[in-house]
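Look for chain A in each of the two complexes below; its partner is chain B in the first and chain C in the second.
Up next, the complex of A and B:
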């Protein structure tokens, strides 16, 4: 019964998401949805390393940037198709993640968080000075024939909406695989206790790196999507701490360590930050970001376990009642 | 050539002392309550603005504004502790990490709102000019800032080791539960350490305002560098933070001199990653 109800809800949500572009008035709500999906994907990636494996990275913007830059540079300098660039960027980000993840594999908690900030800062400074990829001026992606093959659409944002949704669906499948696979259980064991995991014979270096690489690949895919969507990128718009922080917040608000948590978090946080930016940020007064900062503060204090965690704990508390009722009948 | 090198070395030590003072405030907070104050750089920025406005509105020189900055930042620290940090002390670790990020974004953008993003500078501070030794120049405000930072660090160590309150802070840092059993009011110690940590960065801000540009985002890079210094020295270690502060100052200026000034911060962060790779607990951590 409960399973069937869940199926009905899921089918309704999917149908709604598929027809939504036809119902939304104008490009702005569609833009907000696209950004929501993209941040949800980043959050899903972060959640694999942060939520499941317990590595609180505040440097995901680095991988976002590597993905965005890899595909954009390959396209502008060598005319490589962005879909191929997406794969190259993803692999490059995963390799970078392995290279940085290995020395950082001994670090925990705040040490890891600060190392990730330091790493992302190095990447940011480097891209700001790297002439090959346009340094501080960034890269502009040339207009091409619109279509799925070229990953560019000019008339409507709807195709971007569906691609972002598809990316998110793939990300969720990866996340689901992580949550239910042996590796996923190892991740959680490592999160609970390094020592215990080690005693059980889990190579925590290997599994921590696996989590980091998966997260980096998904972040890079989000980066390529962003570059193809905006058609322009520079270091100060993709590799910055506020993006890394928002990725963490999306996961935390929704519920770190749950599959749908980052999606719920993004669905709440991204529209708020986009709308406050449009409504309050038009004179560069900083009010939009003040609201955002205050929101983070309130979430940490009042909803630190996330909305999804809160909702499912409600569901769990209600769940025993129907299962307990039939039990006495079964006895005689 | 060699004189230029000496010049860079001196500059590195001078900025390193101020870094150390900023980082010591942070490490005290970490040591006592296992929390990284990500708003630390923004505290620094506020203190610089306090000094700037004291000078602009009332003609109070930055040197005389030091106690004003220290007291106001101490009060701000108490407020942030009471309304943000103390609320997550028993919450999940992620909330502890994130809460001060929220405070940081709030403070930095409140500064944009109130004071605009313009760059400001205190134009005629009491302390100005340079001393020349041959071709090596030592800026007087920087020298005073560094000497002051060393003095304040010394005063903090005296306070921690010689007074009852200071010893209570150290005891809480060593073992919270035991300190509680010995009758230390650990909640008060938390608030006090957060206040003192903020007060220290307030003093550093007053020093920096004598010669550094003042703008809402000024805390960003100082903050990030001070996190590295604290982790480099070993979280909670005051002597470690001091040594690491000097080291980072030297690496930054010498790295900029030998390689590329645009990469001076990247070199600091790179050094940090190398050191924590070899010694994850930091130079003087355990």
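Up next, the complex of A and C:
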């Protein structure tokens, strides 16, 4: 697709997203959009470690939960502003990712995936028994004066919509930076051949940890947003395996290793999940999973590069050119 | 430069190399020859830091490196060109070369290294934007060696550079190895193509089932009965020499 055409399409999409709250009827479609943006952000985070660096984590819910709990506990226990809590939660999640990433740095493939599930389960059980943060009862965020400063809006969901959209935009910028930076280049080298990357002198421990920390920070930001949006959280709503699985599915369906893949994946999967939940209630439990299963089967058989990969290939005749390495630069 | 001192190494419980010792002097081309499964590649992987010996020591310029991780070994100016090329197939030729320069610290160093490498393999300049997987086998091998040279190594480990290459290009690859050696780079070469490997080598070691059974200057080993019968066939050397002599 020509550069100009791409610009026109991008401008149209951005304009549509900005005016959408004015066009959508009622709060439910807006809620679906908000949840889509939030899962897209989680997917964008996962994509940095799973899509670019090849670390298939099924434990992103742990970082989502850490972010949600950090800002919520700081707010309820110490009155810390949730925006500051968001930063603290992000840093805490990144530090936790580094702490767990170091011993897991030599694990690959299935072993890494299993370790990530175990890690998330440990975090869930810990929070379920941690009285300081409300244990199994969770935390209820007190109502505050609505406004951007307090990160609370009572009259309409539209402000949450715009904040979620802004968060996603920041996530996409981080993802783009990773995709085009030398770090991203080395992420892909490690993903393609771990041993070869080592032989070339690439410190896989350093780059795997960097990918994990970036993913953790973005997941934690999504967690803080979720907590401020729902105003209640407990371990069973934020640190559970289905969330981690959905994050992986969002990225894989949309196109792992692409910048916009997780957004496309979230735009397909989250509405399915939310609509079946709203329309079918508890009777519909599992219907979304059946649909996910069918979609994943279709995409893995017919379009392994994901929906975004398929859409991109429609826009050009030839196979995509390899991502060029950025200009060589000095390293510390 | 490199001392492999009574080393035993293998994979988990399976020891492939038993109590092997050899050395590689500064500026030499040393070949390790032997049949498939003799343990040649295992030796290179141990030197590159991908395997840790269960016994013995590997020393580089007198310093033990047998417990040093692979990505640290490269910083000590050792580069490995692995068997089967192992390029980043979906990346361009240029990106593959950049990947080889990971340990270089300045733009100037990278540019100089690139210039030297392209002087050796001018075809890569023409192919710079092409995906590595679309190159021919010979070009891929050139790229793999070029990528290894990008880190400006003092010791180059070459694992089966002639594997899967058409005979005409094999000669070209070995000519390049001589040129690399002339630049003062020490080369440790592992090969199944025994004739060419001994031809290019200052010294060579013959490996059988994880043990060194013969060593000496390349030309001398070419004349040894063991090498002639086991690897070149009774008339193999004469035939190979005849091939060489033909224009």
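Keep this in mind: the second predicted complex is superposed on the first by the 292 of 332 C-alpha atoms of A that agree within 3 Å, B and C clash if a C-alpha of one lies under 4 Å from a C-alpha of the other, contacts with A are read in each partner's own complex, and residues count from 1 in each chain.
Keep in mind that, in the parts below, a contact is a pair of C-beta atoms (placed from the backbone, for glycine too) under 8 Å apart; a residue touches a chain by one contact, two chains touch by 3 or more.
Everything numeric in this text was worked out from a predicted model, so none of it was measured.
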Legend entry - Contacts of A:4 with chain B and chain C, given as first, second, both or neither: neither
Legend entry - Chain touching more of chain A, residue-wise (chain B, chain C): B
Inset, instruction - Would you check which partner chain A:203 touches, where first means chain B only, second means chain C only, and both and neither mean what they say? - result: second
Inset, instruction - Mind working out whether A:192 is in touch with chain B, chain C, both or neither, as first, second, both or neither? - result: second
Inset, instruction - Quick one: classify A:131 as touching chain B (first), chain C (second), both or neither. - result: neither
Inset, instruction - Quick one: classify A:78 as touching chain B (first), chain C (second), both or neither. - result: neither
Inset, instruction - Would you tell me the residues on chain A in contact with chain B in one complex that are also in contact with chain C in the other? - result: none
Legend entry - Residue ranges of chain A touching chain B (in the complex, touch as defined): 50, 56, 100, 103-104, 106-107, 109-111, 113-115, 117-119, 121-122, 125-126, 128-129, 241-242, 245, 248-249, 252, 256, 284-290, 292-301, 304-305
Legend entry - Residues of chain C touching chain A in the complex: 48-50, 69-75, 80, 82, 86, 88-92, 94-95, 98-103, 105-107, 110-111, 129, 131, 147, 151
Legend entry - Touching residues on chain B, where the partner in the complex is chain A: 30, 34, 36, 84, 87-88, 91-99, 101-113, 117, 216, 220, 224, 227-228, 231, 235, 260, 262-263, 265-266, 269-270, 272-274, 276-277, 280
Legend entry - chain C partner contacts - residues on chain A that touch it in the complex: 185-186, 188-189, 192-193, 195-204, 321-325, 327-331
